[in-house]
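In the two assemblies presented below, chain A is common to both, partnered first by chain B and then by chain C.
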Partner chain A sequence: MSRRPAKGDYIETDTGNKVSRKAVLVGTQNIMLGGKTVIQPEVMIRGDLVRTAQAQPPSGGSAAPPNTTAVAIGRYCFLARTVLLRPPGRIYKGVFTYMPLRIGDHVFIGQGTVVQAASIGNHVYIGKGCVINEFAIIKDYVKVLDGTIVPANMVIPSFSIVAGKPGRVVGELPDGAHDEFELRDLYKTVGNNPQPAAA
Partner chain B sequence: MSSKRHSVLPAVDRSGPKPPVNFSTSLTISDNAVLQGTHSITMQAETVVHPRSRIESSVGSVLVGRRCIIQERVHLGAPSDNQDKGTGGVSLGDYVLIEAGSIIEAGGTEIGEGSIIQVGSKIGSGAKIGKNCTVSHLSVIANGDVLPDNTVVYSNGTRRTDKRGTPELRKLSIVKQIAMLRKMIPSNPDKFR
Partner chain C sequence: MSLSTPYTYIQCPCSDQTVLSSGNALSDPEEDERTFDPKAPRSNYSLYPLEYLLYCEDCQQIRCPRCVTEESVTYYCPNCLFEVPSSNLRSEGNRCTRSCYQCPVCIGPLQVGAIQPTTDANLLPTQYQTNPTGGPYALFCQYCNWTSTEIGIEFDRPSGIYNQLSKINNGGKPKLTLRDVKDRRKDNPDEPPVPDDQVDADLQFAHLKAFYQSRLSETNTSIRGLPLHDGLGFSSPAALTRIMSLYTGRGHQGRLQQGPADIMREALGTNDGLKIANLDESKEIKKLINGGWDATASLEQRKEQTEPIRFEDQLRPIAYLLRSKRSKRCPACRHIISKPEAKVTSTRFKIRLFAKSYIPTITIRPLNPTATPAPVTYRPMVQEEAPLKPHQPYHFVVTFKNPLFDNIKVTLASPNATPGRFSSRVTVLCPQFEVDANTDMWDDALKDDEKDRSRKADEGPEVGKIWEKGRNWVSIVLEVIPASLRIDQQPKKGNEKIDTSPLKSGEDILEIPMFVRMEWEADTQADMDGPASKDKEAREKRELAYWCVLGVGRISQE
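This part shows the complex of A and B:
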C-alpha cells in the first residue's frame, strides 16, 4: 500500500499489547502490562487507586522508592468488552488503602466481569458477568463459570471449577483440559490486522 | 514512538441538557463523571463521586446525602421502563456506598442511611431501601419494592435481617475510605456548575 495505513481501532505497543482506543485506562502510569495482552473496547482499569499505606522497609535497608503499581497483568491476557479491573481496598493499620491487583499469564476475563481480586494465577478462565470480590485469590488453572460471584477473601485452589452465587468449588478440571487455557490463538484474532481463528 | 505515553481518556458523551447543581464545598467529584438532566442535582458534604459515573436528573431531582461514595459506572437516576412509575427522582441518605456498575432508577427511589449497594445491582424505580441495608452483588430490587431496615439481599434475592448491629463500624470504614479517596481523586466541581 502506498498510503499510510489508517489509524486502527487498537493501539499495538512494542511488546505486543493490543489496547483498544475505546478502553478507559485511568492512571496509566500505575498499570503494568506484561505484553501480548488484549484489552477490548469499554474495558476500564482503575490504575489511579494506588496503595497509599507503604509496607515497612526491611530493617536496616534504605527506603526503597515506593512501588506504585496498582494493576499488574501478565502475558497473553484477554480482557473482553466492558470488563472492570479495580484494585481491592481495605483498612490496614487504621487507614483505608488500596492494594495491588496482580494477574498472571494466559488469563481470560469474560464480558462485563468486575475483578477486585488480590491475585489471579496463570491460565485462569473467568466467564461472563462474574464478580470477583475484594482480596479473593485465584490460583493457577481455574475455571470460573459465567455469572459467578466469588466472595471476598476466598482462596480458590488450582484445577478448580467455580460457580454459583456465592461461588463455590463445584468440580475439578480433568487432566486433558489444560490446552483450552492457551490464549495465543485468541490473541491473533483481534487487533488491527486480525487473523482468522485457527480451525 | 515516544517512550512516555500520556494517554487521554476517550471523551465521554456529554450530550443533553446540563442540570442545575447544588454542590457542597467539600464534595469530591471527578471531572470524568457525567451529570445530565433538567432537574436539580444536590450533593452534600464530603461525598465522593468516582470517574465515569453517570448521574441523570431527567426524570426527577437527585439528592445525594453526606459522606456517600458513588463508584465508577454507576447510573444514578436512570429512566425506568416501568409505565406507571412514580414521580420524583432519587434520594440517597447519608453514608450510602454505591459500588461499581450499579443502576439506580429514578421515580421516587429512596436509599436509607448507611446502606451498601454492591457491584452491578439494579434498584428499580420507586423502591424504598431502609437504613443499613446490604444489597449484594448483581441483585435486582423490583420496582416499588420496600426493604425494611438492616435487610441483606443476597444470592438471587434471598433476604435476611442483619443482626450483627455494626452500622457504626460500617460508617467508620466509609469515613476512612473517603479520607483517602479525597486525596486520590482529582476533584473538579466547577466543571459542572
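This part shows the complex of A and C:
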C-alpha cells in the first residue's frame, strides 16, 4: 500500500481503499483488498492466520508459489467499527490448518461482528453484533439481521434473510431490494474528504 | 413494532376490489375523494415498501406480493444447493434426500462425522473403536453439540445418510419397512398383522399408498374432467384418480368417460394402512413421571418433526425442506412480471418489472435536522431524530426521483388533518410540479451545481414553490404540526364520543396519507398494430395514481 502524506484519519490507497489508521491489520502481506473498501477504526483482520497445509502440487510439475492469501476482500466492501475477520481453521489430513476467508463485492459487515466464514458472496449485508462461524458459506444477495449467530458450516442460499441464535432463514428478499446492497454511496461518506451521510 | 422513521409505504390497488375486477388502471375522480387511513387494521395488508412492489406494463398498474400469482420455476435444497426435478418431488417428497439434516434440538445444520474414541485414558474405556474405514459415523450439531448418538443412531458409512436413517429407529433397532412386513407375510401367511405400536408414520403411509394403488388398478374407469359431486362420492376410485390428478397437475389428459359409479371399499386393517388411535397414555405418563420436564421436547421442536412425538429421545434429525425459485404473474392479465433464471446458483432474472422502475422513489428528511450527523469514523451509524414536539410546526423535505425516460407531472393530495385519534395538521407547500426525465447517468455529475438554482440562500420554504431540483428529482416541503398525544387534550368532534383508551402501539408515529397522481406522455409502443403506429410523433397520455403513506417521525409523549 502506498501511503500519501500522513494526515487525516484514513490511509487512502491508490486503488481507493480507505483504511482507518486505528484499524489493526495483522499480516498485511496476506490480506488482499479489491479496492474502494472502507475499513473503520478498531477493525481487526488476521492475515497472519495463513494456511499451513498446502494443496499438493501436481506431481512432476514445478511447484507453483504457495498461495498465501489468508483474507481476500472484493470491491466496495465496508467493515464497520470493531469487526473481526478471522480465517477459519480445521484439521486437514491430521494437521491443523487455517483456510482462506473470501469476501466478494459490496459486502457490508456491521459493528462488532465476527466473521470466520469460508466465503461470503457479492451483495451481502451482515448486521451488527453477528457471529458468522467457521466455514459458513453465504451466497450472493443475503441479509443477515443484527445479532444473528450463523452456525459453523451453514450454507445460506441467495435471497435469504437470516436471523436468530442459531441463525436460520426467516424470509426471502423482495425482488426489488437487490440494488439496495450497492455500497458506492456509503463509500463516499467515509474518508479524509467525506461527503455528508445520506439522509 | 419498532419502525425507524422516516419511511414511505405504497398501497397496492388490490386492496380495492373494484379496481382489480374492472381491470382499469385509472381510478375515477370520485374515488380520489375517499380518505385513506394508514392506521386502519386493513391497511396492514396493502402497504408495502417500494422494493416489494412489481408493475404490470399491460395493465399499467402496481402489483404486490399479496395479489400476484406465483409459479415454481426450480426446486432446490437450501443446504447442498442441488436442484430437485419436479418428478422426484412427486415420488420422494419435499425434503432433501442428499444427507442434508437440521438439528432436531436447535435447528442448526448437522454434519456427518466419525465417532472419535475417547483419547483421555483416565475416562471411561473407549466406547467405540475406530475401524479401518473410519466409522462408525454420526450426525453432529456444531451449534448445540447434539449428536445422533443421543438417540442411539449411528451410521456405517458417511454417505447415503438418508437411506441409512430410513432404516434405523431411535435406539438403533432396524425400522420396520413395508418390505420387511411383506417378507414376513410371505414366510408366515397366518401371522397376525404388525401390532399398531410398531407401525410408524412411514410404514402406515407405505401401507396406505399400496392399498389405494391396488384399489385403483382394479378399476380402470377413468372419468377425469367430470364433476366430483355427480353422484360418484369421494371414495370412488374414479374420483380419487381425479383428485390425484388435480394435485399432481396432470389433469386433462384422460378422456371424459361416463362409467358406472363403483364405490371403493376403505382401509380395514393394518395392512391397508388403518391405524387405530391409541388412547391409552399410561406409558407416556409413566415416562413423564420418571424423566420430568427435561425429557420432553419443546413445542418448537415438536412442530418440526414428521411424527407426533412428546419426548426428547423421540426426536429425529430433520431433513431440509426444499426451497423454490418462483415466477410471478399479474393477477389481472396473467402476464409474467417477474421470472428468475432456473439455475439454482444464478441470481439473474429473465423478466422483472419492478415498480421502482416505473413510479417515483419518495424519500423524506427533516429540513432542520436535530440530530448531528455521525462522525465519519462511526458511519454508517444513524443518529435518531428527537421526537416531534406537539403543536410546533416542522418542515420535511420530500424528494421525488423519476425513474422514467419521460418528464412526469406529479400532483399530490393529502388530508389537512391526519386520520385517527391524534389528528396532526399537514400542509403540502407545493402540491403540483414536474420532474424531469431520467436521462443519461453522466448528467449526474452536473447535479450538484444545478441543485440550488431554484432557491436563494437563507430563504425559507415558500408556498407554491419547489424546494430543490436536480436531473431527475424534485424536492418539495411539507409542513406538519403534530397533535398532542394526551388523551385529555383531544378536541371534541361534534357529538362523537372521545376514545380515552391508552396509547396503542405505533399510534405515536406521525403517518401522513398522500395521494400521488403522475401524468406523462410516453411513446406509443411500437407494437403489433402494424404500420399505422409508426408515426414518430405518436405520444400517448398516461396516468397512474396511488395512495402512499409517509411516516415522518415519532411524536413526543409529553
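One rule holds in what follows: the second predicted complex is superposed on the first by the 188 of 199 C-alpha atoms of A that agree within 3 Å, B and C clash if a C-alpha of one lies under 4 Å from a C-alpha of the other, contacts with A are read in each partner's own complex, and residues count from 1 in each chain.
Convention: contacts are C-beta pairs under 8 Å (C-beta built on N, C-alpha and C of every residue); 3 or more make two chains touch, one makes a residue touch a chain.
Being a predicted model, the structure only gives us computed values, none of them experimental.
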Checklist entry - Does chain B (first) or chain C (second) touch A:9, or do both, or does neither? => result second
Checklist entry - Does chain C touch more residues of chain A than chain B does, or is it the other way round? => result C
Next on the checklist: On the A-aligned overlay, A:146 touches which partner chain: chain B = first, chain C = second, or both, or neither?
Outcome noted: neither
Item to check | Which of chain B and chain C A:176 touches, first, second, both or neither | outcome: second
Checklist entry - In the superposed arrangement, which partner chain does A:189 touch: chain B (first), chain C (second), both, or neither? => result second
Next on the checklist: In the overlaid three-chain picture, which partner chain does A:129 touch, first (chain B) or second (chain C), both, or neither?
Outcome noted: first
Checklist entry - First (chain B), second (chain C), both or neither: which does A:166 touch? => result both
Checklist entry - Which chain A residues come up in both lists, the one for chain B and the one for chain C? => result 22, 133, 149, 166
Checklist outcome for this item: Residue positions on chain A within touch of chain C in the complex are 9, 20, 22, 40-41, 78, 80-81, 111, 133, 139-141, 149, 151-160, 166, 168-169, 174-178, 180, 186, 189-191, 194, 196-197, 199
Checklist entry - Which residues of chain B touch chain A in their complex? => result 1, 5-7, 9-10, 32, 51-52, 72-73, 100-101, 119-120, 136-138, 154-156, 173, 176-177, 179-180, 183-185
Next on the checklist: List the residues on chain C that touch chain A in their complex, please.
Outcome noted: 49-54, 65, 76, 78-81, 106-109, 111, 141-144, 323, 328, 338, 344-345, 347, 349, 352, 354-356, 363, 365, 369, 373-374, 376-382, 397
Item to check | Parts of chain A lying in touch with chain B, wherever the complex brings them together | outcome: 14, 21-26, 28, 44, 46, 48-50, 52, 84, 86, 89, 91, 94-97, 114, 116, 129, 131, 133, 147, 149, 165-166
